[in-house]
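Labels for the chains are A, B, C, D and E, by order of writing; each one numbers its residues from 1.
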Amino acid sequence: MNMWTVAKTMLTVGLFVLAAVWPVRAADTDKLLTDSGVYGTFAAFKMDHDWWDLTGEARVIAVSEVKGLIDQFSHKMVIESYLLRGLSDDADFMLRVHASALSDTQQFLSSLQGTRLGRHLVATTYLHGLTRKAAYVPGFSDQMKKDLQAPSEVGSKSYAIVIPIRKGAEWWTLDQDTRSALMQEHTQAALPYLKTVKRKLYHSSGLDDFDFITYFETEKLEDFHSLIRALEQVKEYRHNRRFGHPTLLGTVRPLDDILEMFAR
Amino acid sequence: MNMWTVAKTMLTVGLFVLAAVWPVRAADTDKLLTDSGVYGTFAAFKMDHDWWDLTGEARVIAVSEVKGLIDQFSHKMVIESYLLRGLSDDADFMLRVHASALSDTQQFLSSLQGTRLGRHLVATTYLHGLTRKAAYVPGFSDQMKKDLQAPSEVGSKSYAIVIPIRKGAEWWTLDQDTRSALMQEHTQAALPYLKTVKRKLYHSSGLDDFDFITYFETEKLEDFHSLIRALEQVKEYRHNRRFGHPTLLGTVRPLDDILEMFAR
Amino acid sequence: MNMWTVAKTMLTVGLFVLAAVWPVRAADTDKLLTDSGVYGTFAAFKMDHDWWDLTGEARVIAVSEVKGLIDQFSHKMVIESYLLRGLSDDADFMLRVHASALSDTQQFLSSLQGTRLGRHLVATTYLHGLTRKAAYVPGFSDQMKKDLQAPSEVGSKSYAIVIPIRKGAEWWTLDQDTRSALMQEHTQAALPYLKTVKRKLYHSSGLDDFDFITYFETEKLEDFHSLIRALEQVKEYRHNRRFGHPTLLGTVRPLDDILEMFAR
Amino acid sequence: MNMWTVAKTMLTVGLFVLAAVWPVRAADTDKLLTDSGVYGTFAAFKMDHDWWDLTGEARVIAVSEVKGLIDQFSHKMVIESYLLRGLSDDADFMLRVHASALSDTQQFLSSLQGTRLGRHLVATTYLHGLTRKAAYVPGFSDQMKKDLQAPSEVGSKSYAIVIPIRKGAEWWTLDQDTRSALMQEHTQAALPYLKTVKRKLYHSSGLDDFDFITYFETEKLEDFHSLIRALEQVKEYRHNRRFGHPTLLGTVRPLDDILEMFAR
Amino acid sequence: MNMWTVAKTMLTVGLFVLAAVWPVRAADTDKLLTDSGVYGTFAAFKMDHDWWDLTGEARVIAVSEVKGLIDQFSHKMVIESYLLRGLSDDADFMLRVHASALSDTQQFLSSLQGTRLGRHLVATTYLHGLTRKAAYVPGFSDQMKKDLQAPSEVGSKSYAIVIPIRKGAEWWTLDQDTRSALMQEHTQAALPYLKTVKRKLYHSSGLDDFDFITYFETEKLEDFHSLIRALEQVKEYRHNRRFGHPTLLGTVRPLDDILEMFAR
């Protein structure tokens, strides 16, 4: 009963406040997003049908609880959200969580699944990866190194795509020089899209059934498509035993917007 | 309550009106259907069982809501509908949406899934592709180019088939001339069916787990079958790592007809 | 209410009558079962659990509705039924529908799924194929052609097996003579089983994810098994990329018998 | 109501009686278990969650109904039962049915699924095979033939494992002598385990998606594991395209014991 | 009613007591965890949605029942628990059970599934393996043997990862010397991670669809990831036909903690 009163109060006065204060990103947000040795988790969820049997009021309270939870965890991790609904057949939204320890991510995501809203979430895909220093760049030409430093011009409202990759066993038995040469060709093919398509690589061998998670962000989806076509045409692509499956396509969207869709 | 009254009025006077005015296709419908750089989305849905627990009246209101939604979005996208039920084991109907931005398509489809009817829809397949200028035609013989310009005679009531394709890695490492020669052989095999089977190609690398979506429309299903058999016999077919899975087979059908099946 | 009264009357007086008059096979039944250019659809269904929550009376009415529907469609298509329950883990019964147009089949099957009983049916497998004139027989020896004309002695109560097949890409690039020689070896291996195992071939490339649907009917299941073993030992078998998956095994059974199982 | 009274009486006086009289194995039980030309069906089931919403009394009645059914069929088939729960993630129990006709097995299993308990059973795996005279033994050495005749010492309480196998196409195109030599090597590797691991082979080509079902019974599970390891190391193993998927592991258990688990 | 009173008492006085006394590990715990010839079972479970429809009180009672059950079985097996929720999309928690007979494990796990809580558990993955004496170590160099004896420094709060492996058929046909050399290279690559990543190997051929289950425990997840990367680069890795699928990632956690999550 007490909880109910609290919740009701949250409902009356808290919704907009919470929406405004979230996310209180910690000072080291930038570090988490750029450092190596950081864990990135991609967690896609689907809302089950029973959710809609709740009253509108109950849904609003449940949504507030999630917002509070995220507020509470945002001091030690960066939580970003994506709307997949309408672009993916398998999930409604996705969270990307950056944290320095996967146990923190687990604490957050298991707490999320334990909320009243979370009990209605079906976790459809969990992918984990680690950021690492670029393995092949040191061997690249100076020109290419310079080209790679050009910042990408990605706005605030863009598409995000996640493609996990499993390499064939042959890839790993190639020597470092051969792999470096193949990756240089790969990088050369990607250069023209550097400006409009932002990329981030996660290493996941052992953490899930993939070796890498590739993450892309772009406002020019056509450029992203051309980039993938370009990458398919280099020799390194033949070493991908699994590319996608799943391919997750969505749009960057504040979690508040996404949650409002389920509160209405 | 207010909404209920509105809905009831819609129910009484609006059904046939809506049916008549929809789709209000925008002036640029033709452009969306013929231009390159347009996004095509194939979205197949299955109605869940709980839908039938609603009262007949509730179902009629829910159907009206969808019709209104489509009306509202039809000024900036082309929405076509197909009945899959009775021909496909996995879906009841499919929408093909052409839009100049996938974010528009997402807005429409996520709104659709958020309607009272949409909450009962299970999204079984989402495929996305981009229309592009023909890559190999410029290198074809003049005769073939001329042949390709003959319009196909497809009536208003026909079958539609969607076959997504993933190419093997070897395909992409062939040089442009080799691929062009293979595609010329492929096109030669398809020529006899040009009149009775309409084709449209979408490029999907990176947007889903396929490289292409091939769409076919025909009143002569036997011709379509013969076309596929002919295409299986050219060398290019060996480069398809995945062909179908799923193959979606249905009939072109006004959405009103489809929705009425679920209102009854 | 009116419908209820009608249904109740059907219940009281109609059940046995319907059972007796169905199927009113049209004059051209034989044509549909023997002609080329006819579409064969294999549709397997599972009854969902909720069905058993209906009252016995409601189930009887629902079954009557299906019988009426089949009666109504039987003038333009041939509908045969098979009990899969107890032999297949994935479906309770299967329908084989022969029609000159797949749109007719769709009209029937979507109507079936729209009945009160149909709402409880889960469509687990839909396969479509086209009957065609034998492609390789003209090149066979005269003796083999003669042998092939011997009618098979299949009684009224037998097993039915459906095995869909996808050929590897290599198969289609073999020339007609090579394929003809391979099919002659295949046919030679099948000859000893001609009398006791009835076969029918459907061509399905493009209509589903297979190239062929092979249908078998026999009272001597051991002979059928030996036939498949014999076919596995010829060279043509190496060209099957997918053989079965699913393999559907059932027994020929009047639909009335099957429906009674679900009315009880 | 009448049925209810009957059921109630069964409940009161019948349970132990039934347990005692079942299975009334027919005189030809031994024949069914040792003859060639007998059909073996492996049917694995999972209990759905709704079952536990029934009252305890309703569950007891439902269990009695199943016992009566098995009693009724046991004169013409041998029905053995296995507890998979706790060892398999996909099923709670398995039945192995030996009958001279699969149509009898179908009649029994479809009747089972039609009982009140059966409506809560999800059939997760059905495998069918035929016993045949040993194909390669005649060509084996006299010593090996003699060794094979040693009876296995399997007690009444043991593990049972079912591993279905699909051979690659190459296997079937090997000539009889080559296959015989490979099978002799296979058999040689299995000899040391003959005493403690009982094996039985079923031929299933055409009856399901496999070529063979191998059934093992042992009290010494470690020996069984060593046997499989030994069989993996002979050349014939390379010809297995699919080995397991599923592997069913359970323990021999009277059906009464299993049913009591679901009556409680 | 009686049971209710008992349960209520358990609820009032028992919860902390049980938590305190469990697990009463038997004297031979160490033996079970270090001996060869011991069976290890990995059982991952997901809580179904209906669980949350129970009252809080009912959930607390159900949790107590499970604790009692584990208490009862802990004298003859070692039961360890892991939280997967928040790291795995397919399961909430995992048990690792070591017992000298799989039938004991079955008795425990089937009893667990039969509890009030267990009825809400969906068993998503069951893997079984046998510990055996190291097969290749005897042939290793003395230095390597010595290196392998260094104990790993794994704390009480760490990550656990389970990766099942199926070898390709070629692996098993290699002679012992070749396999030994390959395993020596494999072991050499793993040596640098010996201190921070604890490994345990289970042999599972025939017991499930894999040949091995590899279990890892570490507080330094980055080291574990590097270890897997190192193992991917040795030749032996090419002989893995399936590596993972599933990969289970979680954290070591007392079962009490996990159950409390579901009692709240």
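Everything below uses one rule, namely that contacts are C-beta pairs under 8 Å (C-beta built on N, C-alpha and C of every residue); 3 or more make two chains touch, one makes a residue touch a chain.
Keep in mind the model is a prediction, meaning the values are calculated, not measured.
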* Any chain that touches subunit E and subunit D -> none
* So what angle, to the nearest 5 degrees, turns subunit C so that its CA atoms land on those of subunit D? -> 70
* Starting from the mean Cα coordinates of subunit B and subunit D, work out the distance between those two points in Å. => 47
* Distance between chain centroids, defined by C-alpha means - subunit A, subunit B (Å) -> 29
* subunit B: which residues touch two or more other chains? -> none
* Inside the complex, what are the residues of subunit B that reach subunit A? -> 37, 39, 43, 48, 50, 101-103, 105-114, 119-120, 123-126, 128, 130, 167, 169-170, 172-173, 203-209, 211
* Asked: Tell me, which parts of subunit B touch subunit C in their complex?
  -> 49, 52, 83, 85-90, 159, 161, 163, 216, 221-222, 224-225, 227-229, 232-235, 237-238, 240, 244-247, 249, 251, 261, 264
